[in-house]
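In the two complexes below, chain A is the common chain; its partner is chain B in one and chain C in the other.
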Partner chain A sequence: MIRSPLMLEPLFHVGTVPVTAPVLVASAIVLSLGAGARLASRRFALRPSRLQATIELFVAAVDEQIKGVMQADPAPYRALIGTIFLFVLAANWTSLIPGVDPPTARLETDAALAFIVVCATIGLGVRARGLRGYLATFAEPSWAMIPLNVVEQITRAFSLVIRLFGNVMSGVFVVGIVLSLAGLLVPIPLMALDLLTGAVQAYIFAVLATVFIGAAVGEGGGQRASTPNGDGNEQH
Partner chain B sequence: MNNIEIVSIIAAAFSVGMGAIGPALAEGRAVAAAMDAIARQPEAAGTLSRTLFVGLAMIETTAIYSLVIALLVLFANPFVK
Partner chain C sequence: MRFDWWTFALQTVNVLILLWILSRFLFRPAADIIKARQAEAGKLLSDAAAARESAEAERRKAAAFEQELSARRAEALHTAEQDASARRQALIDAARKEAEQLRLAARVVIAQAREAEAEAADDRASRLAVDIAAKLIDRMPESARVAGFIEGLVEAVAALPLETRVELAAEGAPIPVTAPRALAEIEIGELEAGLRRALGRVVRVQGRIDAGLIAGLEIETAHARVRNSLRADLEAIQNKLLTRDG
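Right, the complex of A and B next:
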């Protein structure tokens, strides 16, 4: 029997706190990304080195995407969106390391990421519109829509979790099944497909976070925010 | 193997199979419409493909939901045991 992807056994305990493998891998990713960013940004010069040019290209691409979605100045959102994208990408691609499962293939990591997005949405929305103004967006077309809007907030956060979990986990699962059926070297094309899926899912997670924040903040993010509105409410 | 387990396995396979039909048709239509739009207006390809990716993710979520239902039925079935 293949192990359930919904269950987790702790690796070891620190005091009374159980520590699982995804927590360990995610912490390693956070540490290495942080240390890498620190080291890479130490020697910035006016004449950019190759590394600095790559980083500037990435930041410019993130800026362009945020500006395209929100039609607003990307500066306040660059750090959050860029970090989310980099973390999810790194987490999805840890499946390349033998013996390491991507932490995003577990519900807990995805739930934590979506929780960050929801908190950022509420916080930035309140900061942009004020508490009254943000709460007023729930009654936007008319007051009768309040329950639906509240439900939508919950379901779209939930679907953010399930989407990332389902995509990454199914990739790992399929590779495991093919490996147990066919043996060595056969699942390599599937792993290459996993790389593509991981990159697309990281992009989609970051874009959806931008769309949600843009909808909460307003200022031209409003009409584009109609894209995710059907999500979660129209399940066949 | 009792009846509930047999029914669970059939339901899991059925859920994934049926749940893949709708999103597959929908994604095909979405990609076809996006191709059409890009062919008519190649300069809007950037905006179109971004919107297409987000839309495809939305459509794909329904298939992922049925996959999660299948996993719940197989691994976290409340009626087994």
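Right, the complex of A and C next:
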């Protein structure tokens, strides 16, 4: 019997809660990044080390990205955008570890990320504009657009999920198929390509989250920003 | 394919935990250290600007001091030049005064030398004249040296003031008559006769010899002196010449 690769079987149960492999890998990523950040931040000094300079360069790049998109102070959004980028990037690159499937190749992980982005969009939008102001954005440019704007909110959240899931899952499938058909070293170029794809997808996910939040809070003129790829659909 | 809601929930919790951890231990410290470095850099720039301003002020102060020193030096040089000029002028004046004194002294010395030289020349001329006269007289007869001068001597004695003639006659002693040679008896007789007429009494003549007279006769006593000789004439001529030259 051939098992579907999309099936998700629990590895073990904690009480009544089933713990699956993506949860375990994601927890490992959280622990690794958290411990690394804690260790690195202990040695922060005015005269930076090479690691500190790299971290500061990353933080500055995130800030520049946020300022470029939202035209606003990046401090309130820095942690969310930076965390999303780092988590997606680390999750995508776990495909390099033999026997480990990236958590982002599972729909639940991508849905969780998109759910957090949607919640942050709504929460930050309400905080910035007030509840009435935020709801009023759905009536722009006219009341007749309310259904379309609601549908847009739902579809763009789904587009975040499906884009990331499709790209990463397809990469895992391709590598698995090639590995089953050819020798051991043949999938290596495809795995290298997965590295690039993983980085690009992490960047796209973070930028789209920034754009959605920026459009919700209305800073930068309160105009809806366009997505980098126009229609928001990008396929690997 | 089945959507596992437990996995969805756990992954959401995982991401939220990571968000909290990274926010607390990565992004906030990194942003803080960047802000602190910017503040430190700003402080360093401010300090550098203040130090530069201070250095600029010091430079301006040094420039002002240098300018003041330059002015003082120029003033000192000017004063020194004035002092040197005054001293040089004083030295020049003193040198001129000294040169003038030397010139006057030299002029006096030159005048004295010229005068001495003129006197010497006159003396030589007198001697030459005496020599010439003596040589001319030598060509004449011996009697001419005395005989021609007896009448002149008598007339000169007669021309003496009365008191002088009385004193000359009252002495009683022979009257000394100087002649260029020894007087002959006849010449003594003529002299005594002439003097008796001029003095009004009998007198005796005592002859004396002085070749310097060249020719002629002279009487010289304590009260009177009568000269009738060529030497006396030459001396008179010389004195007259000297008086005219002077």
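Convention: the second predicted complex is superposed on the first by the 217 of 236 C-alpha atoms of A that agree within 3 Å, B and C clash if a C-alpha of one lies under 4 Å from a C-alpha of the other, contacts with A are read in each partner's own complex, and residues count from 1 in each chain.
FYI, a residue touches a chain if its C-beta (ideal position, glycine included) is under 8 Å from a C-beta of that chain, and two chains touch if they have at least 3 such contacts.
Computed from a predicted model, the values in this text were never measured in an experiment.
When the two complexes are overlaid on their common chain A, residue A:A37 makes contact with chain C while staying clear of chain B. Contacts of A:L208 after superposition: chain B is touched, whereas chain C is not reached.
With both complexes superposed, C is the one of chain B and chain C in contact with more chain A residues. Touch criterion not met for A:S95: it reaches neither chain B nor chain C.
In the superposition on chain A, contact is made by A:M7 with both chain B and chain C.
Residue contacts after overlaying the shared chain place A:V23 against chain C, while chain B stays out of touching range. In the superposed pair of complexes, A:A79 makes contact with chain C only, with no contact to chain B. In the superposed model, A:I162 makes contact with chain B only, not with chain C. Shared contact residues of chain A with chain B and chain C: 4, 6-7. Residues 22, 46-47, 50-51, 53-55, 57-58, 60-62, 64-65, 67-68, 71-72, 74-76 of chain B are the ones that touch chain A when the two sit in their complex.
Listed in rising order, the residues of chain C touching chain A in the complex are 1-12, 14-19, 21-23, 25-31, 33-34, 36-37, 40. Residues 4-7, 65, 68-69, 159, 162-163, 165-167, 170, 200-201, 203-204, 207-208, 211, 227-228, 230-231, 235-236 of chain A touch chain B in their complex. Those residues of chain A that touch chain C in the complex are listed here as 4, 6-8, 17-20, 22-23, 26-27, 29-30, 33-34, 37-38, 40-41, 44-46, 48, 52, 55-56, 59-60, 75, 78-80, 82-84, 86-87, 103, 106-109, 111-113, 115-116.
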